[in-house]
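Naming follows writing order (A, B, C and D), and every chain is counted from residue 1.
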Amino acid sequence: MTELAKHTWKSKIHEVIYEADTPAGKIFDVILLIIILLSVVLVMLESVAGMQIKYGDYFYISEWIITIFFTIEYILRVISIKKASAYVFSFYGLIDFISTIPLYLSFFIVGTNALLTIRALRLLRVFRILKITRYIGEGNKLTKALKDSRPKILVFLFAVMILSVIAGTLMYIVEGPEHGFNSIPVSVYWCIVTLTTVGFGDIAPVTALGQFIAMIIMVLGYGIIAVPTGIVSAEMAKKEPGALPEHKLHINTQVCHNCGARKHQDSAKYCHNCGNSLHYE
Amino acid sequence: MTELAKHTWKSKIHEVIYEADTPAGKIFDVILLIIILLSVVLVMLESVAGMQIKYGDYFYISEWIITIFFTIEYILRVISIKKASAYVFSFYGLIDFISTIPLYLSFFIVGTNALLTIRALRLLRVFRILKITRYIGEGNKLTKALKDSRPKILVFLFAVMILSVIAGTLMYIVEGPEHGFNSIPVSVYWCIVTLTTVGFGDIAPVTALGQFIAMIIMVLGYGIIAVPTGIVSAEMAKKEPGALPEHKLHINTQVCHNCGARKHQDSAKYCHNCGNSLHYE
Amino acid sequence: MTELAKHTWKSKIHEVIYEADTPAGKIFDVILLIIILLSVVLVMLESVAGMQIKYGDYFYISEWIITIFFTIEYILRVISIKKASAYVFSFYGLIDFISTIPLYLSFFIVGTNALLTIRALRLLRVFRILKITRYIGEGNKLTKALKDSRPKILVFLFAVMILSVIAGTLMYIVEGPEHGFNSIPVSVYWCIVTLTTVGFGDIAPVTALGQFIAMIIMVLGYGIIAVPTGIVSAEMAKKEPGALPEHKLHINTQVCHNCGARKHQDSAKYCHNCGNSLHYE
Amino acid sequence: MTELAKHTWKSKIHEVIYEADTPAGKIFDVILLIIILLSVVLVMLESVAGMQIKYGDYFYISEWIITIFFTIEYILRVISIKKASAYVFSFYGLIDFISTIPLYLSFFIVGTNALLTIRALRLLRVFRILKITRYIGEGNKLTKALKDSRPKILVFLFAVMILSVIAGTLMYIVEGPEHGFNSIPVSVYWCIVTLTTVGFGDIAPVTALGQFIAMIIMVLGYGIIAVPTGIVSAEMAKKEPGALPEHKLHINTQVCHNCGARKHQDSAKYCHNCGNSLHYE
């Protein structure tokens, strides 16, 4: 294989794996999406006692197939990018790595429970695939509204926390361990269960004073639920006067071969991040 | 009966059954509405053990009367429209058909439980009747706001799902089957119960770590409930600059004899869908 | 007592009882407010088993004092207005009458339970007193926003009802009486408990399919909670372009002697409802 | 020590303790924040039965260290301000005092439970420290929106209260003590648990009529949750036309030596409250 042939070969893999503008790239993304979802369904079914006994062998084989597919994909991703380290240590690079290793780790670690969570993390890979679809615009708008209202929401959450600790201590003294309020941390947990209007009912006030305080906490929770909603609503309704409709620029799914940067415009010739040409030369 | 007389006769039935602009049409709609509601109340009462024993015979007779009424109505609907297939395979045509058959099916199928749901589906017929009343404008506005914010809500629900699966797996490992978290699907169910602030309390975390994670999930759920609300609020507050106040056009309740299309303006002479004359010639 | 003296005497009572612009009128309103609240607290304390045994006699005497006060007040209200029937059959006239009679009724009716609710209805009298304070403007704005969004909210509630009946029937078939879903009405009750995110947990799905349907119902409930909020938010944020700032007109607390109409402007000389002079001649 | 040296010494302490513009002032604030949070974590851990037995001695020593630190800080605060009484009787002055004394009080009071709440109140001190950081602007905006919508929220809460009392009385009569609705106050508690969509499930209606009323209460609660949210959303979205962007004025963390007033602008030379020079002369 000449240097040029190898170049073209790597360039093609790059286009299929990293981008979604060609038919091959789209098909690859759909297959990857299905395998990821299958692998998570597998994790869920394995945890059902009856299932594991009946179909345990099939689950084990499927996990092997998925792991091999992910291993090959990971290797291809590393070799088809110029600067491998930029990919390996990126957020999605780490998620891809973590998605691949659980089965290999199981040879060394005996307790498989911790590996379950790692396998569930595979679901995060879905975001990368969705990032390059038509929902990108909506997702961006949501993320932006949330980011803009973050300081307000933090202040709000902080106030909720302080309220919970003080009210929790009060409830611990009023109700005490004999009514399920075993310690202040448990009372704070109950307080948050109540303030957020979840209300499990595993712990509930029994004394008249406790029920009275609970009523105040609930009405407060009911009143302040309006605050974050108001924040986000106001943020979303806000029109930024001079803002360009950013999501209407046609952004394609190219990924820089050099640094892995995304969100290049259709007309872009060079990476907006590192200045490298976007054509795989 | 001459061809002309038959024509007039069919035309009259069409007006009474499909439209609501004449007194006869209005009376028919009101009667139909009452019978539909009665039939659903019947289904509900039948399921109450004590009721079924006492009044079982009356229930059976009433169901027969309703079925006969629906059968006659269905036949009239089919024969009074020119293109029967357009009605039969439309959404409401199928609902009408499904509403009619449960009793007939009960001769062939022994388990009556599945038929109960089919009978409850009769309630969907109510929407058609209401569609032709003064609530149509408000309903349209609501539907429009929901439709416009659908991509945002989908992105949001998708993020909720992924969060639930990952948090559910974590809770399954932390709490385990001994505290009611029997499997990952059950843990995911608990997670959604908690995130949506429903909080049944049939399953509740017992360990300190489990309660701590639950607190984070609840505060997250409390925070993100703001997102869909903000989306819909912003969507409803939005005024489309050049939009014509569509619901102020006077729309009558005529239905095209040919294709079954609705929402004709008062001044319309031809169907906006198939071009057929709206006068039954 | 001459006819004139009687006139002046009745006019004074009218001013004290019906209006709040003079010091005497204000004092009367405050006393009335306290007695109403006391009478409701009395009803609540009576229902506590331990309290009734200990302080039963005091409760009985207090109820007599309150009843006598209300009786005198009711008689004065009737005689100090020109057209007594306009007051007696008005909403607040009926509430005043109902507030007065429970003790008298207890001589005829043995079961006192039904009388408790009647006594709790006394609380509705509070609204009249508050109507004439500085909160009137805010209350009006709230009432207006709710009234304007009523058709939208009705359409929304109607959709929720239909959804609950269909989902309730489905849950009844899936879970059945052995898991607490005893009948379709109970299942519909559970459905509304779930959709509104209340989640008592007295009934909870046990089967896998039931939990799956429950998840869909909860996420739906979570999603559609945004709708009424969005409706009211949009309604409140809406500025009516040509609207006069109605609540900034200075409205005093005078009540027409003839027809009982309220909300007269400071400059008004004649009742805006019946044209009678507002001066008690 | 000359009078001047003493002056400079007090001036320096004032700058470190009360302000945060110098590096020393910032470090002091961070240390204080950590100690406050530690002291609250201590209170929470002490209440856990297992912890108290194992680490009781360490907890006791830590509490002594924190108390001594707070005592020194409180004395310095008093002596470094010119008008000590202005500080001592201010809100934060009282909180500082209350934060210091629990351990001293424990020599006189035997029951330590009441002291726990006092120790939890230390958390309120956090607000002072945060007041002088970058979140001040966001916090102000939130507080303002809440303050502006207070009359509306009060009217709303008042309506909720009256509804709860009437519905609670009704539920007490319908369900009665045999189904957990022991008295009217307990029924009102249940009503608020339901209206706020918390739904503990410790008490739940059992009779058909009770469940029917509960359904109405829940749907009402679901509908009216929109009201406070709408209020706050509208308030936050509102742009006050002529308002100056108040939080963009650069406000530093200086505190008047004379009266303790805060929020001085960078260019300010004299206290906006008492007219005293801001330079410690």
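Heads up, the rule we're going with is that contacts are C-beta pairs under 8 Å (C-beta built on N, C-alpha and C of every residue); 3 or more make two chains touch, one makes a residue touch a chain.
Just so we're clear, the structure is a prediction, and the values are computed from it rather than from any experiment.
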| item | value |
| --- | --- |
| Chain C on chain D, rotation in degrees - Cα superposition, rounded to nearest 5 | 90 |
| Chain at maximum distance from chain C, centres defined as averaged CA atoms | A |
| Interchain centroid distance [CA atoms averaged], chain B/chain C, Å | 34 |
| Centre-of-Cα separation between chain D and chain B, whole angstrom | 47 |
| Chain D: positions in contact with at least two other chains | 185, 188, 197-201, 225, 229, 231, 233, 237 |
| Residue ranges of chain B in contact with chain D within the complex | 197-201, 229, 233, 237 |
| In the complex, chain B residues that touch chain A | 151-152, 154-156, 158, 162, 165-166, 169-170, 172-173, 177, 182-185, 188, 194, 197-201, 204, 208, 211-212, 214-215, 218-219, 221-223, 225-227, 229-231, 233-234, 237-238 |
| Parts of chain D lying in touch with chain A, wherever the complex brings them together | 40, 43-49, 113-114, 116-117, 120-121, 123-124, 126-127, 130, 135, 138-139, 141-142, 145-146, 153, 157, 160, 185-186, 188-189, 192-193, 195-202, 225, 228-229, 231-233, 235-237 |
